[in-house]
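Following are the structures in question.
Shared chain: chain A. Partners: chain B in the first complex, chain C in the second.
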Partner chain A sequence: MGGARGVPVAGRTMTDARALETGVAPAADPGAPGRSLWHRLEPTILGTTSIVVLLVVWELLPRLITVSAGTKLFFTTPSQIAGTLWRLFATGSIWTPLGVSASGFALGLSLSIVVGLPLGVLIGRSRTLNAMLDPFITAFNATPRLVFLPLLMLWFGLGLEMKVVIVFIGALFPILINTYEGVRNADKTLINVVRSFGASEWDIARLVVVPNAMPYIVAGLRLAIGRAVLGVVVAEFFGSESGLGVMMVQAAGRYQVDVVFSGLIVFAVLSLAMTAMVQVLESRLTRWRPQRAGEE
Partner chain B sequence: MPAYISGRNVNLTFRPPNRGPVRALQNFDIDIGEGEFLSIVGPSGCGKSTFLNVLLGLIKPDSGDIRMDGKPLAGPGTDRAMVFQEFGLLPWRTVQANVELGLELKGMGGDARRKLSQPLIEMIGLSGFEGHFPHELSGGMKQRVGLARALATDPNVLLMDEPFAALDAQTRDLMQVELLRIWQTAKKTVLFVTHQIEEAIYLSDRVMVMTKRPGRAKKIFKIDLPRPRDYEMRVTPEFNKLKLQIWNELKDEITV
Partner chain C sequence: MLDEAAPRQSFTDKHRKVLLGLLAVAIFLAAWQAVFLVVPFNKLFVSKPDLIWDALVKLIASGDLIRDLAISAVPFVYGFGAAVVVGVALGIVMGWRERVSYALDPIMTIFYASPLVALAPLVIVFFGVGVSGKAIIIFVLSVFPFIFNAQAGVRAVDRLLINVVRSMGGTERDLYLKVIVPSVLPYIVAGARIAVGRGLIGILVGEFFAASEGIGYAIARFGDLFALDRMFACIFAIMVIAVVLTEGIRWAERAAFPWRAGQ
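Take a look at the complex of A and B:
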């Protein structure tokens, strides 16, 4: 890819590097020897305390100050949200919208990996393909993907297909561009090593280029998950037949603020779970890296 | 001795995209006998490493005739293997998987690979380290793995590109002894590129001095020291005389 996209790529990679660092730092820290229990648990205790304080204040606020009935309509409390969440899961009424949202997310993200990873490797390795595809990638990447929404709704309707496509085009570029960057960064000597043993271009990709790009790819995946969730939410807010986002919009129309918050929490928990999964994947895939040695 | 590898009039010019062309090799001639240990010394950038890559089949020369065992050279092959300067180990592969790399690319199955790699890992003294990753090894251990990997496919020719340059002086001395021991038992043809005259004399049957870029063969010294060689030979008058002769050839080519 040419210089036209140099700046956004650099910015992206920086963000990824930071994301990687913050992902690694807390895991490496607790292992440090010679530290007291308090020292090791301090961040956890402080973090938990601030959350608990926030929840308690939120819960008590409506009881301490009097608010008008009209204002009350827009507010809820943690206990109410918890009760609603419990009800949604207990009655099973959340499973259908959750399933719809999750399948849109999973299908779109999988598709973006299946397309983005090989394509990133190809354009990273082939000057011809790079030159041919660069204008499209640059133009697409520079455009906010959500502007395609009306068009996609027109073409694919309000069902699962539209959601998959919007998630796909959102998640594709972080994976594609990061894979490309990682591939360009491959060690020339290592490529020569496998070539000297008669490796084909496929062997080079399999044995050197992709393992070498793995940290970049995982960082791209992390970004892609965020974009994919965003795609699901936006698609469901602005035009879908069903899904968690639709449930939230409909609840907001009925002033069911607790249901809106429940949907929000489910989205947040799912995103956190996905991020945690990527972290596990990352530590498994990069076991060979020196900075990981201390943890084992 | 009939030449096992021969190069005649090899010419190679690099044409980097944003700079002027660089002539790496000009009318380069070389003959290497079967089972011979030949070292090449020359100033930095004289094309000696380039020629190793040509022999390895990674770079195609612009012109010239290169033959191995009478047949023209065509691309990489398992009859040649390289030991790389910065070891060239795949950091995401264990010691064993690195040693077995060439065998794997030949399509050999896991059990057959293990049968070949196990004795090699033993020979380089890394038994028990099979599951370690390169970053857990010292420089000397890494280059032993590099050597074992090159030997695993049982090539006739071993190409060594300043293999001990990244090691400290003591490790380097030990690795030289090790290399001679392995060469004596495995009987490979070795082409060894180095900056160090002493190393070249100690190891080699012949030492070639190359001119500065574009590289040509300037002079070849026959090293008649008896084998097996030992460390004491490095302080003998004959050794020092050779060292001085080679240095006198080399110093005119070096510009600081």
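Take a look at the complex of A and C:
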């Protein structure tokens, strides 16, 4: 039953596959060896082309059709966005808000790892604890944490604490639930062997359970990063004094659409970069692991 | 308390889980209520279960809660409905036609990686504070699970089964009804489960930003009024709805596609 809870399998594969495969489509090999260069490069070429076409059409749109003065207020083009992005970095005006957002993100995510990992191991190992915490985990995981935002603003104000808490609530559950799933899937034989040699519960966790759960934990971490970024954005939209999100809301209010898109791009690049870092970390941490197919 | 052997769960075992869960909730509520016997209670800052319960009963009795929920449901239905139609159609095409997926995969990945909530202020400014702006936010947030899962579902269709149906003289209709739909549907329903959560976020974002009614607006307003009992009551209502929707879909998945229950 526990296997069905929380982060769903289909959802997880979806996120896993999406977050990283920028460009090369997964189904690149059905045409296997003796195919021509065109066939091998087709996914890349088509993918790049479609992005280029999208950008070009977007860029040319205001020149092809006449937009009314009112609509022009809301319209921007890729070149404008690129220029704004360049200006934001060149003048350095983006660093302060970016720093504020990044510290909220980093603190909240770290906190969720520190809490989520041990708690996940605990509920994975103890059936009683799992049964007792299950209603809370199910309820809080299903509920969009945004509903707590007005409450958290009352409790923690508009500063860093509120942001950290909202990031923490969002990022906690993917880590917690995935750790739990990974722990549940640990090899029973290995646990028994280690225990026969006199290992304590701590040793079991350290030697067998956590290393085994590592792929799950990393998958959870990837999901958590996405949610943490979302948390920062949302917290800054509704109740913060400074940060990248605040910059974007203010820009939207002033019809500076290019600034809004610039912020969006910075957020997207950051979350892609973080996800890529996690992937590197994963391959480091799981290097000892024998080939999946050769196991057992 | 460890369960290495994990024997097949008997009825009492399952019962035990529910009982323990209820016990934990009861302890939590009792502790919450009791803590204010020791700590001074400030109703502008926190609330207690009994006050929240009173507020909830009042909000339901006066019809305010139902009205707010009904108002919020309208953009949700439009946005989510559009996400189902567009997402499933696009996902199926992307899964079926390799070239289309080559062309669209990178764009979709980029969109999915961006925190699209960030476009909410723009959408509101552009489409106004009415139903359409919120419906668009909900659509944008909840369309991706449908696209990706429908695509994965089509990819997972067993080619062998298709060939078998064809060899046995099955028509296109048989192909769709007996092979393709049954294997894609579970993926779409799994996608719906994720999409519901994101859609709820969409409602709240839209209503926190700009609204004069609706459940998200109610929560924000009660917060501004320091009416914490009523705010908690609304939060509780959202929690119940979220759990009912997600767990309801999960239950439907298990009931309709028992062969996937293991996942």
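In the analysis below, the second predicted complex is superposed on the first by the 244 of 296 C-alpha atoms of A that agree within 3 Å, B and C clash if a C-alpha of one lies under 4 Å from a C-alpha of the other, contacts with A are read in each partner's own complex, and residues count from 1 in each chain.
Here is the rule we go by: contacts are C-beta pairs under 8 Å (C-beta built on N, C-alpha and C of every residue); 3 or more make two chains touch, one makes a residue touch a chain.
Bear in mind that the values here come from a model prediction, so they are computed numbers and not experimental data.
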item: Touched partner set for A:211, first chain B, second chain C, both or neither; value: first
item: Partner chain in contact with A:47 - chain B first, chain C second, else both or neither; value: second
item: First (chain B), second (chain C), both or neither touched by A:142; value: second
item: Partner chain(s) touched by A:155 [first = chain B, second = chain C, both, neither]; value: second
item: First (chain B), second (chain C), both or neither touched by A:74; value: second
item: Touched partner set for A:132, first chain B, second chain C, both or neither; value: second
item: Partner, of chain C and chain B, that touches more residues belonging to chain A; value: C
item: Which superposed partner A:257 touches (first chain B, second chain C, both, neither); value: second
item: Which superposed partner A:192 touches (first chain B, second chain C, both, neither); value: both
item: Touched partner set for A:267, first chain B, second chain C, both or neither; value: second
item: Doubly contacted chain A residues - partners chain C and chain B; value: 192
item: Residues of chain A defined as touching chain B within the complex; value: 189-190, 192-199, 203, 207-208, 211-212, 214, 286-290, 293
item: Sites on chain A touched by chain C in the complex; value: 1, 3-4, 8-11, 13-14, 17-19, 21-23, 25, 27, 30, 42-43, 46-51, 54, 74, 125-129, 131-136, 138-140, 142-144, 146-151, 153-155, 188, 191-192, 226, 229-230, 233-234, 237-238, 245, 248-249, 252-253, 255, 257, 260, 263-265, 267-268, 271-272, 275
item: Chain A contact footprint on chain B (complex, rising order); value: 53, 56-58, 75-78, 80-82, 84, 86, 88, 90-93, 101-102, 105-106, 133-136, 153
item: In the complex, chain C residues that touch chain A; value: 1-6, 9, 14, 16-18, 20-25, 28, 45, 98-99, 101-110, 112-122, 125-126, 145, 148-149, 152, 155, 187, 190-191, 193-194, 197, 200-201, 204-205, 208-209, 216, 219-220, 222-224, 226, 228, 231-232, 234-235, 238-239, 242-243, 245-247, 250, 254, 261-263
